[in-house]
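Once you scroll down, you'll see the structures, which are given as structure tokens.
Common to both upcoming complexes is chain A, partnered first by chain B, then by chain C.
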Partner chain A sequence: MNYDWSVVWQYRQMLLDGIGITILLTVLTMLVAVPGGILLALMRLSSMPWLARGSTAFVELFRNLPLILVVYWAFYVMPMVSDIELSAFNTGLLALCLNVSAYNSETFRAGIQSIRKGQAEAAVALGFSNTQAMFKIILPQAWRRVLPVLASTWVALFKDTSLVSVIAVGELAHASMTIRSQTFRVLEMLTAMAVIYWMLGYPQAKLVDWIREKYKVNE
Partner chain B sequence: MSTSYTHRPGALREPVLNYRNITKRYGQFQALHGISLDVFKGEVVCLIGPSGSGKSTVLRCTNALEAINSGEILVNGITLPKDDRSIRKVRQRMGMVFQNFELFPHKNTLQNVAIALTTVLGMNVADANAHAARMLEKVGLSDKMENYPANLSGGQQQRVAIARALAMQPEVMLFDEPTSALDPETIGEVLSVMKTLAEEGMTMVVVTHEMTFARKVADWVIVFDQGTIIEQGPSAQIFDNPTVERTRTFLNHLGWSG
Partner chain C sequence: MEFDFSPILENWRYLWGGFGITLGLSGLTVAASLLLGFAMAIGRIYGPRWLRWPLVFYIDSMRAIPVLVVLVWTFFALPLLLGISIPTFWAAVIALTMHIAPFVAEIVRSGIESVRAGQTGAGLALGMSKAQVVRHLIMPQAVVRMLPSFGSVISITIKDTAIAAVIAVPEYMKRSETLAGQTYHPVEIFTFAMLVYFIILFPITRLVDMAYRRWAFLGRS
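So, the complex of A and B:
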């Protein structure tokens, strides 16, 4: 068996582009799914039953469907049943946002519910509206508590973006697979892909540990 | 139930709070059975009685943290409103101090006192901070403005909570067992702040198990048991000469001997 690692260097531009798209997908998904998760959590905790039910339905649907199915569905079925037709990148982004928003919603809901009732009462007794109490008193405290969980979600998401390769979004996994099929260098490309994911993912996991330590709840 | 006000000097002044036959249920549990009582301007009214007798519930109904099931609460002669916006206006004029302080742990001491001024009253940050600093000076915590609640003793936290309530310039202060969660050595500093407030003429409703404080500072003492008022009167009468047997039993249980 002879190895030819030169393909990695030869196709470096494609791999770098893939890394760029992987990072872009992760960042954009979180930019949507953090506010989206907060919104869904607030809806679910609201006193308006139809808002709460709508949010619950959304969360339970997307939390319990395999992400890859959502990706396929958005790519093949959505254009059939509606007029919406997105680029592969946007389709992948949409599927990731739906999935991660549902997860983040549960994270924020748990965080909000972990703040004891007296905090809201103290704010309300001072004349705060319920909305002011939520945004000035409850959410800032809940945010600190859920930050480590969000960071873990981030790391998981970074790897899960590889799933959108199935609809030919040119992120790292798809780029590696494309190079593999063009060069037939299976071992080299899959190994290179593993090394790249690991080298990018490991520092993020370490960062999560650091955040967990730094934002430990101190009351 | 005796509601003779012959010995109640405060009754000559205008009422701040009137409770008229209020009831409160939690599911099957009847917490309040038709409570009627009055609080007059400048009075210190202490609510005493065994745990679970309804004292705290009365306090929590006063600023609508709990809704009453029937009866009426009047604030300055006006019925406590039901809609959210009007309730918020009423709450701004009532300071509340909680058993567990409920300081905001993500804000430092100064911010804890200032946040309602900016959020609720729309004051600018500089004015709010200046006012908050004056309030902290009043409770003797000028040197702790930068500290976070986690780095304060229980007594200090409760004094910050009092300053936070006072900053809104309330007409009445509601204290819900303000010293029950404190170490014995820090109870005194909180009671002394409360005593100063009373001397300045603040109208105060205090739910407490501190009988010495109630005896010395209260103008009027109301004894609760099982969701009813069993006796009320001037503190000297309640503590030195209670007319109801159950009051005597309760005070004896606390080791009160006059």
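So, the complex of A and C:
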């Protein structure tokens, strides 16, 4: 069997664009999902029952659905049941944001609950309001425990962006598979796709290990 | 907007078959990943030095490559490389196991390493062999601590089997997609699919959350 690896170089521009879209999707999703996760966690821990229930329902729903199904749903169903018409990119972004916000909310909730209750009580006794206690005392400490988990979520998200290729968002996976079907260089393109993901993802995975080690909480 | 759920009722046998394939694929993947994951973790901790770095490299690499890429590569590229054809179902079992087993290996490793080193020393001082220490002292404590995480492995695997739809494994996701295309009722079919996945996955995550709380005290030693 003859292999022709020049196809990778020949289509480098398309692959680079794909990498750009993959990174853009990861960054934009995280930019939405971190505040989104904090908001959902605060809603869930709030004393207003309907807020807490709404947040719990949202989080449990999206934690328990395959992301690829959410992507399909957002692409085929959402435009039919509502007037929302989004481009493929925005649809993919929306599905990723829903999924990652739900996971981040659990991360923040666990982080907030890991700070002992006595600290919030001490803050209130010192004349802080509940909001001040949350933003000045609890969140700054919770952050340290949350960061390593957010880093892992980041890597998972980076990989999950490949799933929006099923609705033809031109990120790395879709770009590689398009080149594959144009050139019939199946083995070369699919291997190149795996290697590019590895080159981008491996340092991130190693960085996560380093962050975990650095922020390790010794009880 | 009018909803018409008759395509689901009329094709329930087709969807039910897909559901069975989803469960079969998940079951096989979980079983194979547990075996392979245990083997990799034990090899990494107790194995000879030359075995360690390839295992670490493999585990870390799989954390960096999307499961979709592994699936597509196993189904389309691997047969070209080996000159054989692999049926979609088995390609999916292989690819998902390649992806999930390193995850299991990390769970097993952190479980084993959570048992304090002093216990190994104590066992050896009492005249137990290394293998006896691992089997009778470390594993019984470590496995209990791994159990909740194995629950997460099951729910992650079920969610990942939906991605096997991209290589046309006729599991629930793929069959929903086919049916949606044939009947022009994507709204009802995809929404129903959400319900189906939620109904299997929700009890599992609930049990896992309970297990974490119920068995948390066993983690102390």
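Rule of thumb we're sticking to: the second predicted complex is superposed on the first by the 217 of 219 C-alpha atoms of A that agree within 3 Å, B and C clash if a C-alpha of one lies under 4 Å from a C-alpha of the other, contacts with A are read in each partner's own complex, and residues count from 1 in each chain.
Quick note on the criterion: contacts are C-beta pairs under 8 Å (C-beta built on N, C-alpha and C of every residue); 3 or more make two chains touch, one makes a residue touch a chain.
A quick note: this is a predicted structure, and the numbers were derived from the prediction, not measured.
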{"item": "Superposition on chain A - do chain B and chain C clash or fit", "value": "fit"}
{"item": "Partner chain(s) touched by A:R212 [first = chain B, second = chain C, both, neither]", "value": "neither"}
{"item": "Partner chain in contact with A:Q132 - chain B first, chain C second, else both or neither", "value": "first"}
{"item": "Partner chain(s) touched by A:G201 [first = chain B, second = chain C, both, neither]", "value": "second"}
{"item": "Touched partner set for A:A122, first chain B, second chain C, both or neither", "value": "first"}
{"item": "Degrees between the directions from chain A toward chain B and toward chain C, using C-alpha centres, nearest 10", "value": "100"}
{"item": "Superposed model, chain A: greater residue contact from chain B or chain C", "value": "C"}
{"item": "Contacts of A:Y76 with chain B and chain C, given as first, second, both or neither", "value": "second"}
{"item": "Shortest CA-CA distance between chain B and chain C [superposed frame, angstrom]", "value": "22"}
{"item": "Complex contacts: residues of chain A adjacent to chain B", "value": "118-119, 121-130, 132, 136-137, 140-141, 144, 218-219"}
{"item": "Contact footprint of chain A on chain B as seen in their complex", "value": "63, 65, 84, 88-89, 91-92, 94, 96, 98, 100, 102-106, 115-116, 119-121, 148-150, 161, 164-165, 168"}
{"item": "Contacting residues of chain A [partner chain C, same complex]", "value": "1, 60-61, 63-70, 72-73, 76-77, 80-81, 155, 159-163, 165-166, 173, 177, 180, 186-187, 190-191, 193-194, 197-198, 200-202, 204-206"}
{"item": "In the complex with chain A, residue positions of chain C that touch it", "value": "1, 60-61, 63-70, 72-73, 76-77, 80-81, 83, 155, 158-160, 162-163, 165-166, 173, 177, 180, 186-187, 190-191, 193-194, 197-198, 201-202, 205"}
